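Shared chain: chain A. Partners: chain B in the first complex, chain C in the second.
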Partner chain A sequence: MTVSASPARTAAHPTPAGPPPAAPHGRSLKDRLAASAFIGPATVFVGLVLLLPMVWTIATSFTRYNGVTMHWAGLDNYTRLLTDPGFGQSLLNTLLWSVGSLVLPVALGLLIAVVTQGSRLGTIARIAVIIPYALSGTATGVVYNFMLRSDGAVNQVLGTLGLDPVDWLLHWPMNTVTMIVASTWQATGINVVLFMVGLQTVPSSTIEAARLDGASGGKLFWRVVFPQMASSTIVVVGMALANSLKTFDLVWLLTSGGPGTASETLALTMYRQTFLLSRYGLGAATAVVLAIIVVAASWLYLRRSLRPEPA
Partner chain B sequence: MVSSTSPASSRRPASRWGDGPTLSRRSVLAAAALTPLAAALAACGGTSTLGESSSTRLAMMNDNAGWLAGYQSAGEALQKVTGYDFDVNSIANNYNQIVKMSIQTRKIADVVKWQSGYPLTELVRGGRLAELDDVWDQAVAQDRVDESLRPFVSVDSHVYGLPLYKSHFAFYYSKAAFERFGLHPPESYDDLIEIAKTLKGNGVTPFSAQYTAWQPMCWFEELLTKTDPEFYLALTSGQAAYTDPTLLDVLRRWSELMANDWFTALDLDVASACGPMLRDGTLGMVPYGTWNSGSFVANGVEPGEHFGLFNLPPITRGVEHTVIVESGVFTLPRQSPNHAAAMDVIGEWLAPSVQQPWSDYLQDSSANPNVPVRNPAVVELQEQLARTEATPLQRFYESSPPQLVQTVLSDVSAFMLAPSRYREAAEQMARHADEAWTDWNLA
Partner chain C sequence: MNTKLWTGLRSIFLVLITVLWLVPVWLMVVNAITPSAQYSGTPTWWPGDLGLLTNLTEAWDTGQMGPGFLNSLYYSSICAAVAVLLAALAGFGTVVLKVRHKTLWFWLIYCGTLVPLQIFLAPMFTAAARSNLYDTRLGLMIVYVAIAIPFAYFLMRNFITTLPREVFEASSIDGAGPLMTFLRICLPMCRPAMFAAFIFQFTWAWNDLLFGMTLTASPQVRPIMASLINLNGNYSAVGPPTVLAGALIASVPTVAIFFVFQRFFVSSLTLSK
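And now, the complex of A and B:
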């Protein structure tokens, strides 16, 4: 998407008949106090529930803390994390989740939105796809656990068809791929909704003009329609990217990161180190690394996507 | 909040909900701003749910919501003796973290269920637990506790926990399958292998095993302790390495059992899947804790009728008989709100009149050796243990630092799905054990 800074956005309430807005330095003490009263509670709230825990986490990442005793550890936790082969596996799985979440739910969401647009039966299809999004990740995990374990529903169906059972969740990378597919079932719905909104913002006049110029089918979609859905695409891809980097609930419920730590994502590593191993310092260091990755990936993506239009 | 009758508000049209008091914008904003503050103050000043005691009820923290009825039965018996019973607060998730954090405050329950061994040592290191030497000595004098459990609940020769129960890890076996093929519980490891061959040859899966969470421990500790109990003690106390030939031998033996295709799928639920298979005679044996009898009963699998219990004989000839023992403990935080009353209650916990309903509920052995267990399968096991003079060994979960147990069991889990790579698994275990011992010694 290209965003241009329009004059209307930069002007401060341009009302022709009204007085010019007061400069900030010209505000009275009363106005300042009133403004502080409005933003104060929100600032305190954000400080308490977001900034303070963040500072505490960063500080904890430099300690050796087991919940009972705490010692200064310097950069030990970060060194240990980066030299741990399990951390590399965790990073690889997180990368697989990111790629899988970008490819499957986003592509399927776009396909379903385009194919079902304007069709009566399409409405039913869209609802069927969107409903799973209303389920929590935990509920999805419970359902898929029932389906995918060795004596689960899927293998029973395979058995009735005379096929051998499959170890869906017991071996890497099969278990990670299976979980990404399960996640796709749930995550596609919101993408369909967002792409539908994007499709509705494309002016029909543009499409008519393109048709008059001879564009049709795939060329019409990719050259004319899709570029005009850029705002929706940015949101969908951005959300998919951030969510995939935080993947936790489905993996925890289906494999607990196993066998061993083979299917762990960074979020699971953080949880395991903190809550199962009581290595709060190492868990905090993992959280800091994960936060850096999420912020860096989002910033790079949005910086590229929201590049201002050249003058 | 009721608004003031300002001129501005009097000019407003009447609310469509009627002409009652209306809320001004300022009032709403003020309320919104003050609500979190009020909530925070209330949370700081109010009574914690972790430590909510009344004049006759002592707050107790527990991690097993399924035992509520058992605690109630035991609590009623306790009340007759001491005047107090339990107000049980069951916390299913992150129990260890919640206890570790709350025990550093005054917002802690009067009695806390915890684990013996190293997890107990971890809490004691923080200086937050009361010594129970007098309670223990009194229980021993009254013949209410098995003195052999003392090392499990002691740290630096002081007692800090009172046993909650005395469970064993043993093999559940299918009465139907054993009777159908004329089999009996094994007297030696060779017998066990012959039984497995017979079952497999007749279409019955000999064993179950689970790869998730703590469950890989069942086979791991059985094979280890029955191969070399001295090595088990050395390994769990950090005196032997996970790359020792004895451990490699254990893993190799286990991998050979798995190569025979003698196991169920590794992700079957014990209670709901393996239990009915035992009852129906399609599964031969399940190594697990004796406390699981109640879960089998809940799934229609009855002790004595559908399953029995035996202790695995030594694998290495000439090695003494041993059995894995597990006992959770009751601990008393130093800062508990009703410390004296809690001490009195704990002092009577092992009384026969309290332990009998508790043991009946668990369908498992009491820590009081004079309280008879009514589960026929556990009786069968106890008779075998007495006959073979089996030495109790603390289970793996409490025998090493918690970080070591968690990481090594994770490695055992990975090994179970790639058993031929047992050497790599052992090296991984050794690396994780070294890290965990370093952490433990630095804490």
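And now, the complex of A and C:
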């Protein structure tokens, strides 16, 4: 969750506000000591526990390392990934997750936020959609594991309707699609909340003015209301993008990436290579590729969405 | 006529959404209530006899959800509190104090949240194994604090930039040192932002699975989501009602927190001002 909101955070302050130029003679030794006492602890934690491992992972990705012996391997790990069909599959699944998470939870979130405005039934529907957001990916996985197994609730319903049971999690691409739907159940709620915040920021005078000019229905929404919700939309889409690229918990619980490695995402591939196969170099290369994709996607996305608006 | 049709369609959509979203929750609760012995092998749709307490106890004791729950309560509250405090200190340092290269410090602390957590995982595991921190509370807590700092720092720094500078200047003219200014002036004003950051990081640590399952092994140390994975792994042995009761135990705190403090979540996601 922490990482997920990063595009939003960068959106607010792409760079920290420039400090007022400090008087050169105002910086005594005492000032410096005081400053490092304040900034030091957080920096040391982040530096030693996050940045150092990150550098270590990048370095390991150029080696062959099994946990005991380490050899320089140049770009071998990366070329192996490129030729590995399992990695291609994992990349494809990760892409499916991103597209699926952009389409389902985001679009549904917007639709639900708009449609539930101003009716009692709407409030009930909204609460129903928000509840699962408070569940963890793991708990969601437990519930869907219960519902999707061959003798589970979903097949029970199909049976009652006279339909054949479906192996939801045993074949690709059905398993990935099913898991994206399960994740939609969990993730839509927060998008509804954020879109509602966005809707509330649109001044009612703007809407009145547009109505007087003859706009209504879809035209009123897409031309007048939606553009004013831009800041909410940026947050929602950015979060969906970043989260979907890092999908782990739900897949780990429902299929463990199987059957075989058919439903693995990059996060699971990295885990399997590192901790199950002890191929630390290859796992590190996968982690680096994943990191590059996440950072590049966030950057490209934010660069597009943060273009200064015409005054 | 047209509006009537529209209202009708809208109502159907809303009912459909409500049912689709509530069915999994309903099934989870109903089947967690069903006594394990009476569970027929297929999901129950209506509550019968009450076995919830037995199932909860079974999940808590035999399923090791109890130790996991207490561990996570301990990890999440302490780590979130420590991280928020360190983040507030750093936020005060980089906003109020005279420091050179403020942008550099900002990115140094903040960049940890831009990359996926997978990039930290293997070296953390290796380092923990070599330093005897593997499968210890301290090891996992160090990791949780470090991961919570960047976002908490971002929230605190943004909040402190919105505070009027004059207050801090006045305090320093009155002869108060940085520590006094921080404790007497900054902390009290930061309370709402610190609380929002705390709630956010508490929930994150509570829901973490990746680090819990990678850095711990024994039930006395495992956090709750790793315990839940173990319980689910014994699905056929303990039976679905107990597993779902375990999922309930794991979910109740975050569901309660979310609904009580919903506006804090929203404010920390919509740019924390």
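Keep this in mind: the second predicted complex is superposed on the first by the 282 of 311 C-alpha atoms of A that agree within 3 Å, B and C clash if a C-alpha of one lies under 4 Å from a C-alpha of the other, contacts with A are read in each partner's own complex, and residues count from 1 in each chain.
What we mean here is this: contacts are C-beta pairs under 8 Å (C-beta built on N, C-alpha and C of every residue); 3 or more make two chains touch, one makes a residue touch a chain.
Note that the structure is predicted; figures quoted are calculated from it, not measured.
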Touching partner for A:T261 - first (chain B), second (chain C), both, neither: first
Chain B versus chain C as contact partner of A:G67, first or second or both or neither: both
Winner by number of chain A residues touched, once chain B and chain C are compared: C
Partner chain(s) touched by A:D151 [first = chain B, second = chain C, both, neither]: both
Touching partner for A:G283 - first (chain B), second (chain C), both, neither: second
Partner chain(s) touched by A:H171 [first = chain B, second = chain C, both, neither]: first
Contacts of A:F275 with chain B and chain C, given as first, second, both or neither: both
Partner chain in contact with A:P41 - chain B first, chain C second, else both or neither: both
On chain A, positions contacted by chain B and by chain C: 37-38, 41, 45, 67, 151, 275
Contact set on chain B toward chain A in their complex: 29, 32-33, 36, 94, 96-97, 100-101, 104, 122-123, 125-126, 128, 211-213, 265-268, 273, 402-403, 406-407, 410-411, 413-414, 416-418, 428, 435, 439, 442-443
Residues on chain A engaged by chain C in the complex (per definition of touch): 1-3, 5-6, 8-13, 15-19, 22-23, 26-27, 31, 34-35, 37-39, 41-43, 45-54, 56-58, 60, 67, 112, 115-116, 119, 121-122, 124-125, 128-129, 131-139, 141-147, 151-153, 156, 185, 190, 193-194, 197, 231-232, 235, 239, 245-246, 248-249, 252-253, 266-267, 270-271, 274-275, 280, 283-284, 286-288, 290-291, 294-295, 298
For the chain A and chain B complex, residues of the former touching the latter: 37-38, 40-41, 45, 64, 66-69, 71, 80, 149-151, 165, 167, 169-171, 256, 258-262, 272, 275-279
Footprint of chain A on chain C - complex, ascending: 10-11, 13-15, 17-18, 20-25, 27-28, 31, 41-43, 45, 86-87, 89-90, 92-94, 97-100, 102-103, 105-106, 108-127, 142-143, 145-151, 153-154, 157-158, 161, 177-179, 182, 200-201, 203-204, 206-207, 209-210, 214, 225, 228-229, 232, 235, 240, 243-244, 246-247, 250-251, 254-255, 257-259, 262, 265-266, 268-272
